[in-house]
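The first chain written gets the first letter, and so on, giving A, B, C and D; residue counts start at 1 in each chain.
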Amino acid sequence: MSFSVAVAGATGYAGGEILRLLLAHPAYLSGELEIGALTGNSNAGQPVEEQMPHLPQLAGRVIEETSIAVLSGHDVVFLGLPHGFSAEIGANLPEETVAIDCAADFRLRDAEAWARYYGSKHAGHWPYGIPEMPGHREELQGAKRIAVPGCFPTGATLAALPAVKAGICEPDLRVVSITGVSGAGKKAAVPMLGAETMGSLKAYNTAGNHRHTPEIAQNLAEVTDAPVTVSFTPVLAPLPRGILTTVTAPLVEGVTSESARQAYEDFYASEPFVWVVPEGTQPQTQHVVGSNMCHVQVEVDAEAGVVLMTSAIDNLTKGTAGAAVQCMNLALGLEEAAGLPRQGVAP
Amino acid sequence: MSFSVAVAGATGYAGGEILRLLLAHPAYLSGELEIGALTGNSNAGQPVEEQMPHLPQLAGRVIEETSIAVLSGHDVVFLGLPHGFSAEIGANLPEETVAIDCAADFRLRDAEAWARYYGSKHAGHWPYGIPEMPGHREELQGAKRIAVPGCFPTGATLAALPAVKAGICEPDLRVVSITGVSGAGKKAAVPMLGAETMGSLKAYNTAGNHRHTPEIAQNLAEVTDAPVTVSFTPVLAPLPRGILTTVTAPLVEGVTSESARQAYEDFYASEPFVWVVPEGTQPQTQHVVGSNMCHVQVEVDAEAGVVLMTSAIDNLTKGTAGAAVQCMNLALGLEEAAGLPRQGVAP
Amino acid sequence: MSFSVAVAGATGYAGGEILRLLLAHPAYLSGELEIGALTGNSNAGQPVEEQMPHLPQLAGRVIEETSIAVLSGHDVVFLGLPHGFSAEIGANLPEETVAIDCAADFRLRDAEAWARYYGSKHAGHWPYGIPEMPGHREELQGAKRIAVPGCFPTGATLAALPAVKAGICEPDLRVVSITGVSGAGKKAAVPMLGAETMGSLKAYNTAGNHRHTPEIAQNLAEVTDAPVTVSFTPVLAPLPRGILTTVTAPLVEGVTSESARQAYEDFYASEPFVWVVPEGTQPQTQHVVGSNMCHVQVEVDAEAGVVLMTSAIDNLTKGTAGAAVQCMNLALGLEEAAGLPRQGVAP
Amino acid sequence: MSFSVAVAGATGYAGGEILRLLLAHPAYLSGELEIGALTGNSNAGQPVEEQMPHLPQLAGRVIEETSIAVLSGHDVVFLGLPHGFSAEIGANLPEETVAIDCAADFRLRDAEAWARYYGSKHAGHWPYGIPEMPGHREELQGAKRIAVPGCFPTGATLAALPAVKAGICEPDLRVVSITGVSGAGKKAAVPMLGAETMGSLKAYNTAGNHRHTPEIAQNLAEVTDAPVTVSFTPVLAPLPRGILTTVTAPLVEGVTSESARQAYEDFYASEPFVWVVPEGTQPQTQHVVGSNMCHVQVEVDAEAGVVLMTSAIDNLTKGTAGAAVQCMNLALGLEEAAGLPRQGVAP
């Protein structure tokens, strides 16, 4: 089997991370996977080695203009474009092309939620790329269109899913997700300057205003019949990569730390990319940097009457590009874990 | 009026910050405040300029051994010692000495809570140094013994107090507090190394295990008759100074963002060191670095049915040393705000 | 004496730091110094509390458009504008106004060097604001026009001046200056994003291409008759504030660490803002954050035949705004050190 | 071919990084390379998943006590021990074992330099693990004992070697190397705390006092007959990983930027792990994080009469563990680049 891959929006952080992973993918190393067009917008015509010096293997290539013509003819197209651009490209790519969208365009099922949070016409819904969610792995196998989840929804979903599914807690969740700065993308903006973000912490898009709120709710609603409530508070912190998510929810009577932990170990027993960290320890983002892992922990605070669920991911890897490659593997029938590191770049 | 001040544990982060503030205090600049003994333990005998090069004005002094003999004879003694040491020193200092304890020894009223969280004999309870809490300013005026609050309780209390008092939310609080690394003190420990903390986030002492949990509950219980529940999750983040606290609690029916905001503006109208940040913005720790300010915000998330309360403080200033100096000012009858910056060192 | 101060470019980092210092200046606290117009360009019309939340004392004010009309009528005008704008404003302000320019427009004496490095017409030369340079303090006293030095030249000059003057080393200097990110100003630019700068180091404007190169050479040439050579390598590092400068130069025979140190202690004996750190220690930028200090050290490496001179400053304080306020004090006949902290915000 | 590998000092930063690389090594993935004993000292008996949560594949293993008995019987033994321990272990391991030492014990040829900088008996000299140095690759092929270079010498040598060899500059070098904090190892120490290192820069072990000084000189002396002088100034900066090295040296007459650049491109033309970055750009440490690459640049500053040579490496990868694995590949006759990423984890 031999296949070619294009990356639209290659010089963005998602695009660059997809390329970083592909360059170590066994299919690339064996020559089956060919890296084809790398496209951009304002960077079109630029040498790749100046745009992505961290990928010296790609020196000599040139960024092409993003267009259907350039992208067509590849077996797989990763879309790392700003929200709103994928809908059109996705609609015009050949049906047999595997299109994997890292933007939000095709994540939400509910057109109304889309309209409210994104303010534009709903483009539809594609198979959703968290293979660890019940039924999703099967749906992703052989899929031709895939919506890669948002980074916050990945962290929150993997933290809370087993508890909500097993009825350990009531599905009335308070999610506080602390993220590194690469989540904001490679766009020039004063609030994202190093001088504004180093040595500082701030919450933003609070009180129901973050676009990932309905996506988190949508995911958890898949595993419970009870109505799901999500209060979501994202916080920006001074690190390049990583999301630490804390979720609290009302404890269901009779649940203990032991039974909660057992539910998580059972749920994730055969998952290659989710690790329930040892009892008494907590996930740490450093341990998953550059890896496709999600580290999770669950604890019961009986006195406060809550379950505490935490997770750590690298927002660019398991949170975006790693998930995208994992989905590609499933779509193409490759080994799901191929090319996806479980080891983190720590310290 | 002329008075002398000693700092026990001067080379620790709390001690150093107290000295940084005292050196700019108008009473020091006018010659009324004399900086007396600076004491330590393992550092005794060391030149101050090697221990605290950020305070070159103190070059030439030497750290003395902490003892009652050395500390007695000062009008004010700041205690910046590890938990457990202040009880004895506090008991043996002359009654007329103003003793201001930055440790936990005298913070909790409840001997049982003390025993459970600190595992030793309860030393008692001193006037508690958050002047912004109803009745506390009065108690602190002229006090001879003062317990400076913990840094997390300061952030959480100032964030949630007006809401709990005004009945905007139910007193069932989920507190997630994200802190810089200086909160752990100047003790050598592998998990606090730069290489372990930079580029990383982790929760710790979770699920009711952090000692500041009962202190937060104690504070909020002072302003409500309803039973207070606190779920507390501290998170370590890669910045030197600063705590961002997010508190969520069930919204009481009928409360709006406007009424919530009004309650906060009313509550803090005459406070010099609490600022309700402009509507639509969020507190940011960078803005309070080195200052004695607490920036707060309150928002209603009607869909999730929660009130979101946030605050930003510098853990070493308003969170410890600034509060200590504010208490000294009250104890001595000086202007409460003397020597305490409202401007932050940003960026 | 009562005087009013305007700040042009108030929302930039230099402008904000000037305001932070003025708000703690004894003349402001006593009511003599009135903070007048705060002007900007793209931010004109914006509320100050949204632009500078770290200065809550200024809440309620509005940024005005920068113009001669708005700035005239103040006794002191600080210019925190991009290079090239001060020349015109400086030429049109009333002669009796004290104009203190934080840009480069009036720093260089040599019109040719100006043309080569800045590519525009030379505006002239104003008294240069390093009072620690021989003869400069006298020139600054009562001056009506002052050019505040660049941040790198301040660090390099204070590190090397005593050695060059005393003939300890040959004036053939290799300067490597490592700077925090605020030095690049508050302009949106991809290379200055948090994600690009955190966790990274890079040299830039190397091999004689940085505009501060001729300014360093100009300063050192004032204290030696020998021709001065400067190789200057600036490096960007992941911290908000601070410049660490290392200078090496060929050792003059017979010079020892002791004689070198003595020369520095003599040179800076009466300077309030330069501290020769204890023997065996090195300056650390953390110790000078937010302060107007420059910490320096000199050492002899006999085997390599070089003198190593190092300095640490806060690029926004002694490197810009602190120097500007120090110059204001001299220009107005106030105490030179008024309002300028010697204590650093560490850790 | 099948072989087993032990790592002594496995829980240190060098040991952890060796394991991170081995887990992605094609020989490990194919089953040829077996990871055997992981040993430690104070951590002996501890579960690996608590000591190295970033390597979840190793969960279930236990750290063993470092001893000849435990290490013997492996085909390859990596020594990640503090300086001074390897000498004894190296002497007692079977001759046919490939011993790869990450400490300094066997790096220096000159017993006198060893005595002066390390203060103990010289253990001798092993083949030195910079394959890019002339003759070294050949020496490393099939070697049974290998000394992995220090991280600073790697950065400085790769930056300056082509220039010294080609006679572009005089071998009178001023080296300033700026390093991340992991270089200090995983030892509890107050000066390496996050609170002491974040937001700060300082030089240390200056003026000829750093142990890597003679190692840099030794390397460069291999390619020139002229006497080599090295002034070395290491600087600590707030990032976890990465070393940026700047080297300046007197320009030899007639050399231009073009000829200098050509010399570098020629010298490194067939090297897989050294990349001369595009003209007009500078190496950036972020681009090599987690990779085995060294990015270099050379520029001529004709006015100052110096050549500027810069390099960026990850101190833990190309600076230590990557070099160690590269040496293992050579020693065992595997493909030299096997398992060594060229792509960096950026941003």
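Basically, contacts are C-beta pairs under 8 Å (C-beta built on N, C-alpha and C of every residue); 3 or more make two chains touch, one makes a residue touch a chain.
This one's a predicted model, so the numbers in the text were calculated from it and none came from an experiment.
Centroid distances from subunit D, each centroid being the mean of CA atoms, peak for B.
Simply put, subunit B must spin 180° to overlay its Cα atoms on subunit D, rounded in steps of 5.
A count of C-beta contacts for the chain pairs A-C and B-C puts B-C on top. Centroid to centroid, with C-alpha atoms defining each point, subunit A and subunit C lie 44 Å apart. The centroid of the Cα atoms in subunit B and the matching centroid in subunit C are 34 Å apart.
Along subunit D, residues 13, 182, 186, 195-196, 198-199, 238-241, 284, 286, 289, 346-347 each make contact with two or more other chains. Interface residues of subunit B, counted against subunit D in their complex, comprise 13, 180-182, 184, 186-190, 192-199, 238-240. In the complex of the two chains, the subunit C residues touching subunit B come out as 13, 16, 19-20, 23-24, 26, 47, 49-50, 53-57, 59, 182, 186, 198-199, 240-241, 275, 277-278, 281, 284, 286-291, 293, 295, 341-347.
Contact residues of subunit B toward subunit A in the complex are 174, 176, 178, 195-196, 198-204, 206-208, 229-233, 235, 237-242, 244, 246, 248, 257, 282-286, 289, 299-306, 308, 310, 312, 346-347.
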